[in-house]
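Take a look at the structures listed below.
One chain, chain A, links the two complexes that follow: it is found with chain B in the first and with chain C in the second.
What follows is the complex of A and B.
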């Protein structure tokens, strides 16, 4: 059970990365490659506020949410809005991700930093396994945020508009949806959530400039398993990946955990190119 | 003076520059710059591998760094344990690179866009894990230490000789790369980049071509690995280090900086990143920020990089010098059409009770049709009547639910689109699909990829067959341009032409293929009356040259003018067929298709063309 908790908490981190992808994907049908880097910016801001400035948690959260949301909107303005073609966006989004990491390296250096947890460090025994309260918080946050975003996208007017944009951008625009404002909005929302999560993720992940690359990729694996835009299925996929990694690491070896995820990715993409919840289109010409 | 320089063959300049570069150590180049230039060549090799997949095949596959690591480890292991012979090291690394390129390229056949970018990115992240798993050979995190210098015929290379080796191997690869992308295979890659659908309708096998591009793109990465291992004499998976995401990003930045769809752009981009203020090899904390800024800046503002900028400047300079040419289109095209006579050997196309359902919708039911050589067979019907579906079934894009499709008695059923095209079926698209970065004449010549195939090694080695093929391509293209009356545009950029011209380019591309069956998919849509009349003449001309012509069209006037036989589709069924005079008066046609009474059409025959646009969905 301890392994399960460990897997779920790692999976929770992947789930919030993939959730960030989905929020942006639903509202603008782009895959925000830089989301993991934005999340890491949130973690570094948590370190900056909590350790370097010794602030209380609330002002740190406010500042982190504001800064990361602003960075995310900046990314949209500079790297995504001017480029509509997928080949161009691939380049500019990798660029945005690298630039964010680069700024982190310049400001905080290349050493991994420890972000203090504001939960206790003594493991609790839950359902027959040991788990840190901070890990439980990440799992809980991933579940709650997934449920909230899924409900908002299905039930609220804004959510339905966002779904319309992901379905067909031009048609949505013709129906009177302000596509541009929607796009800015989802980037701001995804950024704000990334900022909010910083202090919670930090104790688990450390503040490390090299981590976003693997978070981005594994978050994408979750997205591929669930299918673009399928919020709940993606989170389930993310928890599944966390579990697979922990079990692989325990029974086969730590060197194999990413290899296993890679194998899952290849199999999923080849067998189910649209994920568990996707449909195929036949018209080609 | 300038004119004399311009007469020098373009291939000579790079070779002279390479020779100069090779001589630098003997002209007093220090050891520091010696090493930096070798590293630049290594980076340029990696970038050219990326350019092949990203710039030409159009897919962002970022796995070069993983193959780079494989090349370095293979070369290092062999030098430490077996032999330090240069040729063995090089061949083993290239072989390993090819194998990895094929394995990692295989998912790339099905994937595209982000899925492929992420998968290949993931591959780079796996390098340290794989190094640890194969610890027995790679020495794990410690790495391969003290790799002995490469030897040539038993003699160890000193640093100047090693430099010479790097320049020679770099030059050889760039010659191969240049020969490949300037050949018809390079153009085929650009077609593929524009649209896989277009590629397969030109008879280009998408999967084999992509796989070749991925495999070939791995070769320079393997070579770069050899260069690195034997320059540093040390290979390890450490981060920061050469085999990390940072390098992958730098390769992408160099590619975009130099221009991804270019040959020498790879060298320019690599030189800026390696030798510029950044000093890639020092891996300082500014590397990522600057690379990221480069990517955004060039991705947004200058998507074809430095090479695009320089070729635009060169084009402007040449245009200013060239006298403006005035072409007489009408005269020229009449002459061209005479050349066409008898060149097309059409074959009868038979569609026999074909049905197709999409979910609950019956798009076609029991449709039969016969198109004869030398005749124009038109297919008309309201929107959603199944015309384009039928066209796509003939071309192999949809599977047959029921029925038969035969060309000259041979069944086309179950053939993939590129095989159908290779059998001699050529088509146009409702919205013309023109690849980016080709001139009008080059675009037209891409029609001949399958019908006059030259193998890739033939093109790369520039064997006589390559030159013969290229000459034949040029002649066929200029004939096709003459037929369509756009010879005066031969050297212009094809993609930026107006709609009417792009239609003509598509028609010329199809003529150049010398097809047996020609399918026109609504070629009159969006054109003015003069352009429609011109196209109508060309369509007739193709039929009288012996081709089998099928015209799917909304423009009733054009159909009445040029067709020998007309099939009318409604709700997926053939409701009438016969010669134009009969169809015009057919009550079912007037009711189902035009939605007007017979009297409305009779008095002013000349205006039927415009009235036919008011067709209503059935």
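What follows is the complex of A and C.
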């Protein structure tokens, strides 16, 4: 059971990364390559607030949410909106990611930093497996955020508008949806969630400028397995990836954990080209 | 017409450049002080002993490069203040910031050698990617090079007779640690190490050293991007080792100790040299997950009641750059590099490159060495990486750092 908890904890981290990708994708049809870097910013802001300023958790959360949301909106304004084509956006998003990492390196340096947990450090035995309260919090957050975003996207007018933009941007605009405002809004929301998660992820991952390397690629794999725009399926995929990684490391070896993840990705995409929950569409032939 | 016109315009510029290089080369040869011809007695006392360090003080490895430069500058300051320099020549340090880019490193060094007085020694960067481009340039210019860049290709006295490596062979700290385990009657040890190039080399050396010591070493590896190490630790736990050996730098050692604590797996745990140089380890030394943690470290990074004059001088010199917040070996190898050159020059009574290289190959241990990291450096004509005594490495409990040193046992 300990391995399962470990897999779910890692999967929870991937799930919240993929959630950020999905929110932006649904509302703007953009795959935000800099999202993992925004999450790293949230973790460093948690270190800044909790350690350097010795603030309580609530003000740290408020400030982290505000700053990362603002940074995400800035990315949208500077690196996404002025660039029309997806090829150009790929370059500018990588540029934004590099810029965020560079600023973090200048401000906080290159050494890993400890982010204190506001949960107990004492491990618990749950269902026969050892797990830290911080791990349980990340698993819970991934589930709650997934449920909340899935419900909002299906049941609220804002969510339906976002889905409409995702389905057909031009048609949505013709129907009176303010596509630009929607795009700014989803970037702000994804950034705010990244900021909110900083103090939760930091104690597990440490604040390190190499963090995006741990988050970005597997976050995209979770997105591909679940299906672009499929909130719940992506989270299921992320938890599955976490479990596969942990069991592969446990019984085969760490060298094979990502190999196994990509093998599963290939199998899933061969069987279900649009991912676990991807819709099949008719096309004229 | 267009390309020809461009080419025609370039010809005078090319001629000028060639002329400038020729003049520069002539100037260099006339002002050379350490190129193999100048003896101490013949040299003007006013001419400095020039040490060039070409490393990235900015860029991705900026902190490494800055540490290396501070080590070299500290040695120069100590030599100038306590010894009057090297054989009467004041030591002058020139820093080339290559921003961590090997191509820039090569270009800067070539440019420096083409202008100004010839350096007497070169510190070829602080990491291997710098060393592999800088050492051949120094060798072609017949200048002594000595530093921490560690690559097997650089330890080739036939090809690079004037290049010396500061880092001892990777097997020595591992042999020292296995001797520690053996002395504590641990016959079954678990080891977790990174799959990156350095981690793999430490892992291989540890496996060989354990075999030699008759210790059963069970190993598990991790990726540096791993966010959780529970599975790897459980894999090791299944082998029921008596002690755990942790290798890693940055976040991974912190994650390993956190997960070991979550597992409730209590056993003697020793972090390797890189773990000991990881800030999260000494910063979190009071945390429950580090309770009982031991670290392998060089003796120089462990506080002892008595301190040699050389160590006192070194620490004082380093304090001039600000509070010492990293373990001393992050700067002490570069410090020692300059001190070894000074000792070699003294032994040879010359600052000529062949004479200093020969002296390094047959270095006599002085009563009070100027260096601080290893008690003794042993180079030979066929081995330019130092042999060192295993007692240079010790195992100590984790503690906060004071002046770059752990508290000690």
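Note that in this section the second predicted complex is superposed on the first by the 270 of 285 C-alpha atoms of A that agree within 3 Å, B and C clash if a C-alpha of one lies under 4 Å from a C-alpha of the other, contacts with A are read in each partner's own complex, and residues count from 1 in each chain.
The rule we apply is simple: a contact is a pair of C-beta atoms (placed from the backbone, for glycine too) under 8 Å apart; a residue touches a chain by one contact, two chains touch by 3 or more.
Treat the numbers as computed from the prediction; the structure is a model and nothing was measured.
In the superposition on chain A, contact is made by A:87 with chain B only, not with chain C. Legend: residue contacts after superposition of the two complexes on their common chain; A:110 is shown touching both chain B and chain C. When both complexes are overlaid on chain A, the residue A:140 reaches neither chain B nor chain C.
Touch criterion met: A:131 reaches chain C, while chain B stays clear of it. In the superposed model, A:59 lies in contact with neither chain B nor chain C.
Which of chain B and chain C touches more residues of chain A is settled by the count: it is B. Judged by the touch definition given at the top, the superposed model places A:6 against chain C, while chain B stays out of reach.
When the two structures are aligned on the shared chain, A:205 is found in touch with chain C, with no touch to chain B. In the superposed model, A:265 makes contact with chain B only, not with chain C. Shared contact residues on chain A (touching chain B in one structure, chain C in the other): 109-110, 210, 213-214, 253, 255, 258.
Across the complex, chain A meets chain B through its residues 31, 33, 78-79, 82-83, 86-92, 94-103, 105-106, 109-110, 209-210, 213-214, 216-217, 220-221, 224, 253, 255-256, 258-259, 262, 265-266, 269-270, 273, 282, 284-285.
Considering their complex, residues 54, 58, 60, 107, 110-111, 113-115, 117-119, 121-123, 125-126, 129-130, 132-133, 197, 239-240, 245, 249, 252-253, 256, 285-300, 303, 358, 388, 391-392, 395, 397-398, 429-430, 521 of chain B touch chain A.
Taken in their complex, chain A has these residues touching chain C: 2-3, 5-6, 9-10, 13, 109-114, 121, 123, 130-132, 135, 204-206, 208, 210-211, 213-214, 245-251, 253-255, 257-258. The part of chain C that touches chain A in the complex is made up of residues 60, 62-63, 195, 220-228, 230-232, 234-235, 250-251, 254-255, 258-259, 261-264, 278-280, 283-284, 287-289.
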